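Per-chain residue numbering starts at 1, and chain names A, B, C and D are given in the order in which the chains are listed.
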Amino acid sequence: MSPDQRSLAERTYPSPAPVQAPVPLAALAEGRILGHEGVGTVLQLGSAVRNFKVGDRVIISCVSSCGVCSYCRSGNPSHCLADEGASGLGWILGYLIDGTQAEMVRIPFADTSLVALPEEVPDSSAILLSDIFSTGFEIGVQYGRVKPGDAVAVVGAGPVGLSVMATASLYGAAQIIAIDLDDNRLDLAKQIGATHCINSGASDWKEQVFALTDGYGVDVAIEAVGVPATFEMCTQLVRPGGNVANVGVHGKAVMLELQKLWIKNINISMGLVNMTTLEMLLKLVKQEKLPVDRFVTHRFTFDEVMSAYETFGNAAETGALKVLISR
Amino acid sequence: MSPDQRSLAERTYPSPAPVQAPVPLAALAEGRILGHEGVGTVLQLGSAVRNFKVGDRVIISCVSSCGVCSYCRSGNPSHCLADEGASGLGWILGYLIDGTQAEMVRIPFADTSLVALPEEVPDSSAILLSDIFSTGFEIGVQYGRVKPGDAVAVVGAGPVGLSVMATASLYGAAQIIAIDLDDNRLDLAKQIGATHCINSGASDWKEQVFALTDGYGVDVAIEAVGVPATFEMCTQLVRPGGNVANVGVHGKAVMLELQKLWIKNINISMGLVNMTTLEMLLKLVKQEKLPVDRFVTHRFTFDEVMSAYETFGNAAETGALKVLISR
Amino acid sequence: MSPDQRSLAERTYPSPAPVQAPVPLAALAEGRILGHEGVGTVLQLGSAVRNFKVGDRVIISCVSSCGVCSYCRSGNPSHCLADEGASGLGWILGYLIDGTQAEMVRIPFADTSLVALPEEVPDSSAILLSDIFSTGFEIGVQYGRVKPGDAVAVVGAGPVGLSVMATASLYGAAQIIAIDLDDNRLDLAKQIGATHCINSGASDWKEQVFALTDGYGVDVAIEAVGVPATFEMCTQLVRPGGNVANVGVHGKAVMLELQKLWIKNINISMGLVNMTTLEMLLKLVKQEKLPVDRFVTHRFTFDEVMSAYETFGNAAETGALKVLISR
Amino acid sequence: MSPDQRSLAERTYPSPAPVQAPVPLAALAEGRILGHEGVGTVLQLGSAVRNFKVGDRVIISCVSSCGVCSYCRSGNPSHCLADEGASGLGWILGYLIDGTQAEMVRIPFADTSLVALPEEVPDSSAILLSDIFSTGFEIGVQYGRVKPGDAVAVVGAGPVGLSVMATASLYGAAQIIAIDLDDNRLDLAKQIGATHCINSGASDWKEQVFALTDGYGVDVAIEAVGVPATFEMCTQLVRPGGNVANVGVHGKAVMLELQKLWIKNINISMGLVNMTTLEMLLKLVKQEKLPVDRFVTHRFTFDEVMSAYETFGNAAETGALKVLISR
């Protein structure tokens, strides 16, 4: 699950949201610079930075973390306890501190919040690892416990849902079933790794999934929209013993039908990306094993940032998936 | 999660419940013999039985299974597909076929639905493995992913909740926090393995848990009652990155506050016991490593079965935990 | 690790070998029919068989198992305790009982030793799952704990080594480095999934591997030959914290340099295939996700069986990889 | 596996040993202060230290690590790549840099190489977590994959072997079988958690183990001496599908009988402790769930350090297990 799924436009006025449990809700400060994804070059170093030098090319992790606190050490840097002002770390870029939609950005705890970017990987590929591929893989594929031979349904073929589809084969999924209302997105899904596509506008979308999976449903159902209806679709699609992984950012409570589901031995996961797999995913990008080059559909300079927002805001018309802003 | 948690009295008129996904709901047939737990002696063998002989002492698994279908082979015999009449197997004893509250009972697929009982283990210990210890361990401790050093809260100190507490140390829990409204049950919890007891009638029950756990909440919160209120207690008690395991049998849907929880990286599990750990637990009982002898509080003969039901039905007064009926 | 790796010619006079620990060594009985791989049609059923009917197309597992004993239930059917004559089961086909190089073969415990074969999968693909793909995947990839992003070296590009390479991507290997003396085999390796090929005749084979892996060596080194020299190559190639998986059938003891290796935090695995992944691999074959069609290089009828042996015996000249014998 | 197992006397003249693969062998520098275990109070802080302040009570990890490099982040800080002089980190205390047998010691990368010690835990308990309990648990119990119900044999009842026995129940071992030549050590083993003790001087030591384990051997055999004979004992004791964990520091190569073992599906692990469980073990010590108070048998001041060495050197006579030196 990733902050990325709120559209850029929405992010201009985010609703107050908790970064982590012990931290009180925070509204976006007036004038805050947005953006939590980015690729750049190191211009200046803090005194405690050991692993980077001026001029290094880097990927910015959307989650900042100290590497030392109990949450970082137990694999949950998205709940990092190190303080940056009044809060802990985690997702703070473009939210509690100024973000990446700017010519320069300060990254706290750089040793653990940046990753060195090798020359052969272009910016437009690396940017995908800054949030959405990591989110799709960690919160969708890993939390969903995808394993070799699995049938996996992904409800929602937006950028993060597509990232799930693009990484599900890293654990050997046999079937990757893309479900969305938009046929253009479904076409893209197929190019990116989906083995089957189902338009959820069809009255028999559920029967289609069951027909593909011997009548028992999928091993893993992954929610990548963030609304109650798609969550419920997932609990209906999952077979006994299977997993439901929430990747979508939810704004409302959902009904969980425990009276029906308790006996199904299913598992429901959710979360903010920890970015612990960024370096690993970069190895796969270097070997050209991930279809990162299909995601950036539009490029703009900083001068054109308003056009960038407009293009992204009208994704249905423009076909925008990820919009790259550079100097 | 276990069928056991419905009281015996309730089980006389069970509400229609699905055994597994593909099977239509079934009402309890008129005259059905109840009971899914039992210890006994083999009197007669079906022609396909290879591993038992007449006279063998056995524990009856509350889940019947074939050992061969895809669900059995993938560790989910509670969803066994082998047919016994119109249904699959799984929990069918005392529900879809006649059960164990009788002098004799037929056990289908005996090779995979019975476990040989060594002489040194008495009936009153072995009976706990027929359902509740396996349920507490598999659906509470294993599904809850308890690991060494964890703080574990168990909401509900009935027989199954106590079984969770008695087995949480098998994965090295550091703190086992029993939460219940009944101080007698909490006393028992302490004898059985709880390190801390909290009466949930206190207005500060939640603060007490947080005070015990550095202010972040427990690693694993285990629901062992089966109502919405206790499920919500669990989602409040669990720390970021933690697990909520439902062991209770739920009769109603619950509200799942995904808008607050998505960012907490928690995991929610549920299920019917698979009984795959019965033989393992028996090894621990043989080594006297589990407090099974604390659970049978009353003993009756078949002649006294109505008194048994009465005693169990008034558990609050009689202090009944498990009631043993024998010849 | 698989019995398959001894060449067919060798198998005519196999050296005495233990099937499992408690069983005394057995020499091959005079007149024993060889062969432990096969695809066929059910002609006749034993009285206890529930899941197959006459006419069903099936894959024969090279490991026979009961599905019920403690080894079968704990995921180790290669050490099945059920008796078939004086021994347990496991690898007995073509060794302790007559095997598959015949028009008909009896398969004990058919429900757990055969897998139904769907119409759309041809014999020449299915036969690979009867032993070598399962062996490569279970004993190489799974025992070697390959995980997404890993660098994997496979020493030996024979049929089983190639099966390792063909399945390593099921856990997301980033680099699959094939190492062999034969350039033809290395060419084939590349077609089947290897990302890099190194001829171990080169004096700098080791430096080449280290150059590909940042100077630390591979995450997983897989031995697929079965001699001490290749085992030692693997312990040299593995990085600290990595895994060495033996897939080769070894005929001699090896020196294990614990005085150097203890501090490297490595793990060494070995074993006979359990065939627990056969059905899962079949799902992947149905989705055309495994390159099974590259393995059968020659086809013969039973009349030509001596030519088949000759072709396979001269693999270096004939390029034989797997030789299919059919009616 | 832990540097601790070399006796203090031996450590005065250690043989050259690699810290990690890429580092050339190093001899102990003239005048090096020995000692890699310790508990103390922070006197002074380096400029980059964030998480400690002067006056804090701390446990010193025997492994120093940066928390940031790829080895630290993948759970292998014993192979930390951060440089301290010419080497990486890992086990450098009392070896490549001055150690803890002194009134004061400098700890590099304090944030990740020290753990805060709560007031209620006495020095004599905390010191056990500085190396040996972590070693026994990580390299013995975790690498050996001990799981609930397992039969575990520990060959060698020295301090680290006893630490294995004291922590094997954290994963629910049913049987913990202590094997040693010294009956006094075996007595102690029983007090610390062993369920059975076998003197390996008996000609039937192996038969005794098999009699305790249904004739198949143990699930996990843990080597805690460091010589070829005890390694071979372990490969003989382990059942098919089981694990051999080396905790001992080996000085010689061993013969690994792959020609017999390949078909047994066993796993062999080894390694230097990573200290990733120190904080977790401390939680268990706070709950009085580990028998740490049984290990310190003698106490000395720094003035008496020669007597301390003598006492430890004659452990057979003095019964010394761990010797505490304090101001």
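Keep in mind that, in the parts below, a residue touches a chain if its C-beta (ideal position, glycine included) is under 8 Å from a C-beta of that chain, and two chains touch if they have at least 3 such contacts.
None of the values given here were measured: they were computed from a predicted structure.
Following the contact convention of this document, B, D is the list of chains adjacent to both chain A and chain C.
Looking across B-C, A-D or B-D, the interface that copies A-C in more than half of its residue contact pairs is found at B-D. Per-chain Cα centroids separate chain A from chain D by 41 Å. Note on chain placement: the centre of chain C and the centre of chain D lie 37 Å apart, centres being C-alpha means.
Counting partners per residue, chain D has 279 as the residues that reach two or more other chains. Taken together, the chain C residues at the contact with chain B in this complex read 47-48, 50-51, 66-70, 73, 82, 111-112, 276, 279.
Residues 1, 17-22, 71, 74-76, 78-79, 143, 215-217, 231, 239-241, 246, 248-272, 274 of chain A are the ones that touch chain B when the two sit in their complex.
Chain C contributes residues 137, 148-149, 169-172, 174-175, 195, 277, 279-281, 283-284, 286-287, 289 to its touches with chain A in the complex.
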